[in-house]
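Next up: some structures, all given as structure tokens.
Across the two complexes that follow, subunit A remains constant while its partner is subunit B and subsequently subunit C.
Our next item is the complex of A and B:
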């Protein structure tokens, strides 16, 4: 039981950065813009967040700097794709490479320097609930914020008027515009907010999970965050589930590593990445439909709704605001 | 007069992004306390200064030219083949596999088999992405990323597992190949004239097939509008598969060269990011095959020059990547600005 609680707790707190990144990207894509720069943005903001926290000795400033970096990269994606109508994928891809190299170039003085880190912050009373307490409420502020973000974003999307409008600009920007919404402005706002969240995710890596900065420290996680958004069907709760699933894969890879299997240990940290993408591929392929067809109609409908969702209809397209 | 002025304004328009990219690099250098002029001088002498540096630059050029030629095919078909990194890696894996089967063979038999086998490997790996895209409706970017991750994990598995050195698995890679299986190079230099000839041949074939064949025309059609092409009777699925196979074969060829010319063994990060650099080159070329060779030379020079920066001025070699990326970004954005100004 102790062991089980420890594993669950570590999955929850290690997944926090991926939660922030994938929900940030969800916000971008719900607004109709693919921000393919996540991988590079996370590298750069992880470096910037650590560097600022290290030099100013303030964790708050570190996270703020990381969010600003994330928003700046996102603003380039927004400017290139919304204002200049360039291919969103191209702009994001180039930015991923530039930001990644920039993180290596500017991060040299901070490689493997011991620096500040987030302290754990158990919540009184709640921590005493059996099982739930030690799993959820003996963590730190970043993990709590990740819980709050999941619930908050779901409520925002599905229970508020602006959330409805956000989904509108990703699905039918023309309709949203006809109802008096400023589509371009809203897209800019949401891509900057999403970018700031992705930047926050970077700092959560260097100040909360990995502790410190080294070249390419978050390599691969940005790409996984992008994949999780698709896996989660652009729904905050399902995206969070995908992020935790990836966390569980990583935890089991670490556990398997010490079990003496006849596979070189160097392979284990890499395994969750292809496994995650394979899961995504299986869930999104037509093969799954064939399996579902054997099920009774009611179960099939429920499962389809659970597993499937279409991307925002206007994702990746340009919008002419006349 | 207007002709020359036109030429001048066009020249300045195409030079402006380079200047902006240089300006950003200068700002970065000043911010990190490095001397900008020395750095740029070193960037040049580090890539063209001596005959051995020139040779190294052309070694990288071969890889970048071939991979960008392959990527031009998938881009023409409207596909973002991000899986190209994994395709290079699988090419290297297949090349090493073939080499292990021919450890005692002479180079005349061994090298062609290694190259062909690597091309088969790259093509197969690319076809996996294409099959998922066509029959599984999986976006090629994510299929490609997935197969990149698998290739990386499998490569590490081979290096530390079945193909580890007799003394044990290390990050330095597999056992060095017997010299008979090294691609012959110019004396004292790393560059292989045969590889340069093959790269030029690939560039010409890709250029001609896009320009003068039905296949090239149909690829352009599905790249512009795949539904319309299908309605007009273009066999979209076989074409898509062929585009991926060609790009994968080019990537596999690069993978073979990296193994038998550059490293003489399989190493963990064998693809060296050349696949992604190839994508940048194609984006910068505005999908024009004639531009690939000179742009690949420029990118190769920056890559080799920036490793010299690391060794001689202790400036991190990632500056080269920043310079390349910013250049492509500025070009892309300036095209957008130009169109916006014209439309007003």
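Our next item is the complex of A and C:
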């Protein structure tokens, strides 16, 4: 039991960076813009966050710096794709390369220096709840924030009017415009917010999970965050589920490895990918629709809502109002 | 609400889509806006509902002058709402989400209140809509109903419907008309945009007819159909006078051919077209002409029946076989389907070469051919001119120049749409030369004068069916106008 709790707890806190990055990307893509620069942004902000926290000895400033870096990279994506109407994928890809290299170049003085880190912060009373307490409430502020973000973003999307408008903009900008939405402005805002979250994810990496800075420290997590957004069907809860699933698979790899089992460890980090492809194939197939059609109406709608994972229809397109 | 549009002008590049249009709609009435495809109806209504800004003119509501609306939302705040030809909604969302999106709530979605008022509106109009259903599962008719109650909920007092009867079933149309009558009886004004005579005559109290961006006239119910047809299509009655050409053996034969795509079925066509014959396909856009042309060209396999070319069965054979049999197809969208933007005239000549191709391109010879073709077809360009830099007329000439020499059948979609008179005449000159050499020509056109002037026979399509086959020498623009609108005399 102890062991199990420890594993769950480590999955939750180790997944925080991926949660922030994939939810940040979810926010962008729901608005209709792909920010492909996640990996590069995370690298640059991980470096910047660590450097600032190290020099100023303030974690808050470190995270703030990382968020600003994320927002700056995102503003380039926004400017290139919304204002200049360049291809979003191309702009994001170039930025990911540039930001990644920049992080290596600027980060040289900070490589493998020990620096500050987030302390754990158990929550009184809640921590005493059996099982739940030790798993969820003996963590740290970053992990708590990741919980809050998941729930908050879900509420924003499905319970608030601006969130509904956001979904509309990614789905059919011309119809959103017809209903009074300022498509370009909102896209800008959400890209900057999403970028800030991705930046936050970078700092969560260097100041929380994989302490310190080294060359290419994020090791492809940015790309994984992008894949998890697709896996999660652009829904905050499902994206979070995907992120935790990924975390769980990685944790099992480590555990099995330490228990001396003869399994090639490389297999586990790779597992999520075939799993994702499989889910995508199943959930987007016509076969599923046919099966669903046999169900009673209520169950069918609930399941459709749960399983449907169509990308926002206007993802990657430009909007020009007449 | 009384709506007035005064002296509205709107240009799209060289197209004068609205030319000094003035329109008054009284409160409590249903006002028709009638005109052919491209007459400028949608443009005018987009001006009235704030989607686009007019280049000139003014709008007044209940006598109060406004320069213009800034946006659709602005128009709706003033009480003007529009239903688009393709409903502007969000298919993956639920009806309730769609209903709420765009309302003036600032933070939380007013779901409970909206749901209650949604139900009340449905009850009032006898609509059967479920707030939890997804819009993607609705028919077009139901999506219209959703938009209607949504706009009313947001305070619309003038409702514009752009071609609402395209794509809905007969019972839904009856329901829609009942709804619109009910709205007018409540004092709302309804503007009903259509190219279908029958619908306008059924429903409207008054009608304004647009032709080529200009007002062609107004009429009050009860309508005289001939007058409406005259206003829609212009007055000249043009009995075709074509040089007679001896018709030869059948080139293409259709035997109980049925064509289908996901929107339309064209059932049971039996027909043969002979050497030297010109067959025109008339009808409103999307009535089946395009499917027919694509089937002739081998791009759309028929779902039933047979198609023979020069006596050889080509039913469901690959496109290659059609090419080899001597068929050429010219699509309407020159830049999208006909030419490759970014490539030059000479590069197109290389691409279009049929038969055996060499691995290396002989540029010297290609350039000679290109120069010869450019002179022959009077194209304003040089071999290295990129096709997108050519004007519409020159693009069309380039397409013609690319056709191989000994064709048996030319299938043309709107061969002269958007071209000036000089280019039109030139292109028809070239086409008729082919016909003299024994090729058959099948073309679709929205221009009835063109149809009458150049064809021997006319197939009139309506809603996917061939409702009439007429000889061009025995019909008139007026009669064709009736037929296209779905009216047999």
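To be clear about the criterion, the second predicted complex is superposed on the first by the 271 of 322 C-alpha atoms of A that agree within 3 Å, B and C clash if a C-alpha of one lies under 4 Å from a C-alpha of the other, contacts with A are read in each partner's own complex, and residues count from 1 in each chain.
Simple rule for what comes next: a contact is a pair of C-beta atoms (placed from the backbone, for glycine too) under 8 Å apart; a residue touches a chain by one contact, two chains touch by 3 or more.
Predicted model only: the values in this text are computed from it and were never measured.
Engineer: Quick one: is A:161 in contact with subunit B, with subunit C, with both, or with neither? Answer first, second, both or neither.
Structural biologist: second
Engineer: Compare subunit B and subunit C by how many residues of subunit A each one touches, and report the one with more.
Structural biologist: Larger number of subunit A residues touched: B.
Engineer: Taking the superposition on A as described, I'd like to know which of subunit B and subunit C A:319 touches: first, second, both or neither.
Structural biologist: So A:319 meets neither subunit B nor subunit C here.
Engineer: Answer with first, second, both or neither: which of subunit B and subunit C does A:281 touch in the superposed model?
Structural biologist: Only subunit B; A:281 stays clear of subunit C.
Engineer: Touching A:106 in the superposition: subunit B (first), subunit C (second), both, neither?
Structural biologist: A:106 sits against subunit B, while subunit C stays out of touch.
Engineer: Just subunit B (first), just subunit C (second), both, or neither: which does A:241 touch?
Structural biologist: neither
Engineer: Tell me which partner A:270 touches in the superposition: subunit B (first), subunit C (second), both or neither.
Structural biologist: first
Engineer: Given the touch rule stated above, what does A:144 touch, subunit B (first), subunit C (second), both, or neither?
Structural biologist: Neither subunit B nor subunit C is touched by A:144.
Engineer: In the complex formed with subunit A, which residues of subunit C make contact?
Structural biologist: 46, 51-52, 71-73, 76, 88-93, 97, 100-103, 105-109, 132-134
Engineer: Enumerate the contact residues on subunit A facing subunit B in the complex.
Structural biologist: Residue positions touching the partner: 36, 76, 79-80, 83-86, 89-91, 93-95, 97-98, 100-102, 104-106, 108, 220, 223, 226-227, 230, 263-267, 270-271, 273-274, 277-278, 280-281, 284-287.
Engineer: Contact residues on subunit A for subunit C in the complex?
Structural biologist: So the residues of subunit A in touch with subunit C come to 159-162, 164-165, 167-168, 171-172, 174-181, 301, 304, 308, 310, 313, 322.
Engineer: Can you list the residues on subunit B that touch subunit A in the complex?
Structural biologist: For this pair, the touching residues of subunit B are 28, 32, 80, 82, 132, 135-139, 141-143, 145-146, 149-150, 152-153, 156-157, 160-161, 164, 169, 276, 279-280, 283, 316, 318-322, 324-326, 328-329, 332-333, 335-337, 339-340.
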